[in-house]
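A short write-up of the structure that comes next.
Chain nomenclature is as follows: A, B, C and D, assigned in order of appearance, with residue numbering initiated at 1 for each chain independently.
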Amino acid sequence: MSTLLDVRNVSKRFTMGGLLSRKTVDAVQDASLSLSAETPEIFTIIGESGSGKTTLARMILGLELPTDGEISFRGKTVSHRVGRQERLEFMANVQPVFQNPFEAFNPLKRIDRYLESTAKRFLKLRHRDDLDAAMDSALQKVGLSIAEVRGRFPHEMSGGQLQRAAIARALIPNPPLLVADEPVSMVDASLRMSIVNLLKSLRDDLRVSVIYITHDLATAYYISNRLIIMQRGRIVEMGDARTVLDNPEHPYSRLLKASVLSTEDAGSGKLITDPGMAERATALIRQPGRLVARPDGRSVRVYERA
Amino acid sequence: MTEDLLKVEGLKAYYQMNYFGVEREVRAVDDITMTIRKNEIYGIAGESSSGKTSFIKVLAAAIRPPMRIVAGSVKYDFKNGPIDVATATPAQIEAVRWRHLSYIMQGSMSVLNPVRRIGRTFEDFARRPLGLSGEAYRARVLNHLERLKLPADVLNAYPHELSGGMRQRVTIGLATVCHPEFVIADEPTTALDVVVQKEVLGLIREIQQDMGSSVVFVTHDMTVHANMADRVGIIYAGRLVEEGPTRQMFFAPKHPYTAHLVASLPRIGDTAQRPALEGRPPSLASPPSGCRFHPRCPLAIDKCKTDVPPLIQVANDHRSACWRWQDVEPLVVPQRHEVMA
Amino acid sequence: MFAVFRDLVRYNAEFTIGLVLVVIIVAFSAASFFSPVDPSLIYMTIPDQPPSAQYWFGTNSRGQDMFWHLAAAFKNSLIFGLTVAVLSRIISIAVGLTSGYLGGWVDRVLMFINDIFVSVPIFPILVLFYFVLRNNMDSFTLALIMAGFGWPFDARLIRSVAVGLKHREFTRHAVFAGMSTPKVLLEEHLPYVMPIVFATFMNNMLWSIGLEVTLAVLGFTNINQPTIGTVLYWANSHSAMVVGTWWWIVIPVILIVMTFLGLFLLAVSMNEYIDPRSRLRRMGA
Amino acid sequence: MHGYLWFIAKRALQMLAVIFCAISATFLVTHLSPIDPVEQVLGRLSSRANLSPEAIASTRAALSDLFGTGAPLHEQYVNFWLRLVRGDFGPSLMAFPTPAMDIVARAMPWTLGLLVSATLITFVIGNLLGALAGYNQNNRFFKLFGIIAMGIQPIPYYVVAFILLIIFGFLWPVLPISGGFAMDVTPGYNWPFISSVLQHAILPTLSVVIVGFGGWFIGMRALVSNVVNDDYVTYAELAGVDKSTIVGGYVIRNAMVPQLTALALALGGVFSGTVITEQVFNYPGLGSLLIDAVNYGDYSLVLAVSTVSITAVAVAIFTVDLLHPLLDPRVKAE
């Protein structure tokens, strides 16, 4: 079994302020995870704002370098400080999916321009026919066709079409891994499921692995195979999505789950979270603790009592 | 039967724009009739650009050009007398502001003056309507802050020094410190994290029950409505398409759009395939004929394309604007599920 | 583009007035290409003639027909303004886009330099240049120097837009579509700053022509080349107002005011067209 | 308070850097030009018969010393700075052997007075009227005002000063148009002198004010009409907050923040304008001095005026920047 992506003991520390008034923020602390090349999966990173989930995603995309530890893709270290050729090679394998479909394309430019550039750069295609064929086959995978996209500007298409076109663009080089940072947080309810379902079908039908970053536990439960839950830069729980979310063990995971608004009691107006729960969860923020494996396959951060 | 506090009748509010010779009319609110009762939370749901924000701007008497009320009335029955904000003079509106009618605007960062301390803002907003002076005023504000679980020293802080959750509680405090009879809340928890969101929602409910006032709560997030609202109204393309008691709306919707909204919500503990609604919300500048939902509706028949369905009583306290409301089935049967804490 | 232009003419009085004024001035200066006399020569006609059918703008004490002389002066000044504006736009676009997109220490260094240029009072510097270069300072050298000082305000403006663009998702999308940094800057970001470039272009022309007038009036440029400034310089040195040759002063001043007002109105109305918030206001009105 | 101190430190550093770079550039300009400043000056001097050989020799010594002609460039540069920090620019040629620095010191108060009063008047009135015009957008009076301001704003300083000169010098001669004070008064703290100074300052100040006013007016009007649409203003209006509180505490207060930055950035330009105005009205400040010095070929004096004005403008910008955190609490948190 070979690994596709290996994140080993990665930390990221940001330094704020100027030369004299230094302040540091530990965005990610000692995070490890790995994806296998053989079985495609949707791997979810759950966290609130400030949890470090976006920073982790940016490091996986090579947009940010870890302060400590290493991220490697197929055995090669991920970094943006490499030659252009090497960087392009990496980008052919790992592609992002964006948050807001209306922002994913330059409103002043035609949509096919991005698809064409991708096909030219990553597939080294030159001829018109080859380019069109590559673009069309990628668009077919998301239920669109080149005829629907060619020559059109973003404002001429719906949010759903745009998000599909953006994902199709990412699929052109046949990447084994997509990184989707909050792909549904900015879209309307009616669009949300169509995107989530599309990610699911990418995994099942095209065998593409997806790193899905979200704050929404419900969609995470719906599509992911495995997940991690992050609190203030640390992974506090990690394991099979159903195992963890059906019965979270770490106090913070429990708090998150308890805070999810359910529709099952619609109309009953239950909005009280046990206040002790929040206290227990926040008390643990400063303690390092360590991840311990449980018999059911998950890992949970545990703390030594002083 | 409880009394009505607000009666909206045949309300039409359009944006009329003329920009460099291009005239455009956007029918943001197109013939809405509804009532809101005393002491209830009424949830308004709808997608972006469905007209829900424009609708509550009218309710809040915050109508500014290019928006204009074209027809209809918005009648409140406040303790100090009835008022129709569609026709009232600025002075009459001034007389009910904050004391009787208050508003929690969307976006807690941008609604607070960035260069003014919170305490000053409280004074600007609340001192005159409260009609209290010195110690009494101070005690009232501090008491209110305590109820919102805010420390007294937020009064000395600038907005940028507070966290998102704190800021949102401050804006709720500003809107409720005068114990208004009617509060309009526009997406007050959208930018918040789940844990804080639940806290803030709980707080709004608590305060509403304390004050016994009516709250109109607007958000696109159906799960929030499920937990907050006594009744829910769904707005689609400028029209109210369905309204009813929250429980019925979620378990027995009578409009295909509502049925879809409810069905598309994933739940922890349930991995059944969720349907997606294709197509996009119609443009309010040139909405479809007949029922505005027909191009996306799985139940649409020819009649839907030509005739506008009226909002009719379909069950006790439950109204729907659909020709085929009797055929609407919940798309995903809600399962009862043990919730583990 | 044409539709925008048409709408501006039809619905924006400021733009229309500005355009008319600028067109008049440009046509007038273009007339100098058909000038029957070499405008740099003196004592070609009878001096001190008031405006008449023969001499539309009169003649000056140096025996020049003011019509052709002014036409040449305005042509030279406009060309000068255009040169400065084009050169300084290039610098400000390059600095602004790079600084905003790359960020980090590149941004800090460029903006530090930018701030220095902003806070240096340019007039003493120009005088210093003149003092050192004297007669080696021709109008192109002056244009180069002024372009060197005319970019920082606008570079900052462009940078602020570029910073916003950098964080928009389509930029990252372009990068992951394999586009190179120059391609991203020139094809994705440049269109967004073009409106700013146009509007500041006008302002920059105003600034450079005005400064040239000032220098020339003081005699700190090549006074033998006809420009707006040197016309005033000679009028001054012959005490035109005192000896009664008022047309030597009044006509150029009217033309100057027309030029400046025209360019300024164009800049303002374009600014307003660009700024979406004032657009909204317009719709509300 | 800690944040404020860092803010000051950062700005002070920036100011010093500006001064250092600008003066270094001055040095480079004079040295990279193909012309040897010393010989050039002396060449011009020898064409004037009225200077004693003694003056020429002493100037040659001072200039060679100042520019360290002959020595390697970096040594010249160090020498240049060493003399500069002592305020030693050598003797002036125009008023030999008075040190150039003394003449600059004498002219300085005039320019400073003109600059400060004109800037304050322009800034305060322009912003106040601009704010009112922005808040009352449909008011006819302000609309008319805006049109006039717009028409005047782009006209170069020189032309405005010149028009004023024509009006008050030839058409309606009620104000003094030349000099800093009348010939028949004794400088000192006596009323005739002060009143004469004030009278003489009216036209120069007015010309700077007229040109500068429009910029602030238009800028503030645009800012205010944007701030008026900001959520916190709308919200305060919806809450029925006092109109005067909204205008003062919400609208102007927020619009002032960028205007203060703009003031700092505008100072260099205002200084240039002052120079020209002084020349037109023959005002005894730095501007007239600079122009005389250039015409006379007085190298030391030109250098002294440039250096002092660069430094003065940098210090003024620094001072304005210091006010920034008082107006905008967010700066401290940076």
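We take it that a contact is a pair of C-beta atoms (placed from the backbone, for glycine too) under 8 Å apart; a residue touches a chain by one contact, two chains touch by 3 or more.
This is a predicted model, so every value here is computed, not measured.
Q: Closest chain to the overall C-alpha centroid, by per-chain C-alpha centroid: which is it?
A: Chain closest to the assembly's C-alpha mean: C.
Q: Would you say C-D or B-D is joined by more C-beta pairs in contact?
A: C-D
Q: What whole-Å value do you get for the distance between chain B and chain C if each is reduced to the mean of its CA atoms?
A: Whole-Å distance between the two chain centres: 52.
Q: When the C-alpha atoms of chain B and chain D are each averaged to a single point, how far apart are the two points in Å?
A: One centre to the other, that is 55 Å.
Q: Averaging over Cα atoms per chain, report the distance between chain C and chain D in Å.
A: 22
Q: If you average the CA atoms of chain A and of chain C, how far apart do the two points sit, in angstrom?
A: So the centre of chain A lies 50 Å away from the centre of chain C.
Q: For chain A, give me the residues that contact two or more of the other chains.
A: If we look for residues of chain A contacting two or more partner chains, we find none.
Q: Which chain C residues reach two or more other chains?
A: Residues 285 of chain C touch two or more partner chains.
Q: Going by the contact rule set out above, which residues of chain D touch chain C in the complex?
A: 14, 17-18, 21-22, 25-26, 29-30, 33-35, 37, 137-138, 150-151, 153-159, 162-163, 166, 170, 218, 222, 225-226, 229, 264-265, 267-269, 271-272, 275-276, 279, 290-291, 294-295, 299, 302-303, 305-306, 309-310, 313-314, 317
Q: Which of the residues in chain A end up touching chain B in this complex?
A: 48-49, 158-160, 188-194, 196-197, 215, 217-219, 221-222, 242, 245-247, 254-274, 277-278
Q: Which of the residues in chain C come into contact with chain D in the complex?
A: Per the touch definition, chain C meets chain D at residues 112, 115-116, 118-125, 127-134, 136, 153, 206, 209-211, 213-214, 217-220, 232, 241, 249, 253, 256-257, 260-261, 263-265, 268, 277-278, 280-281, 285.
Q: Which chain B residues qualify as touching chain D in the complex?
A: Residues 60-62, 64, 94, 97-98, 102-103, 105, 107, 110-116, 120, 124-125, 128-129, 158, 160-161, 174 of chain B touch chain D in their complex.
Q: Applying the document's contact rule, which stretches of chain A touch chain C when the two form their complex?
A: Counting only chain A, the residues touching chain C are 63, 84, 88, 91, 95-96, 98-100, 103-109, 114-115, 117-118, 120-122, 166, 169-170.
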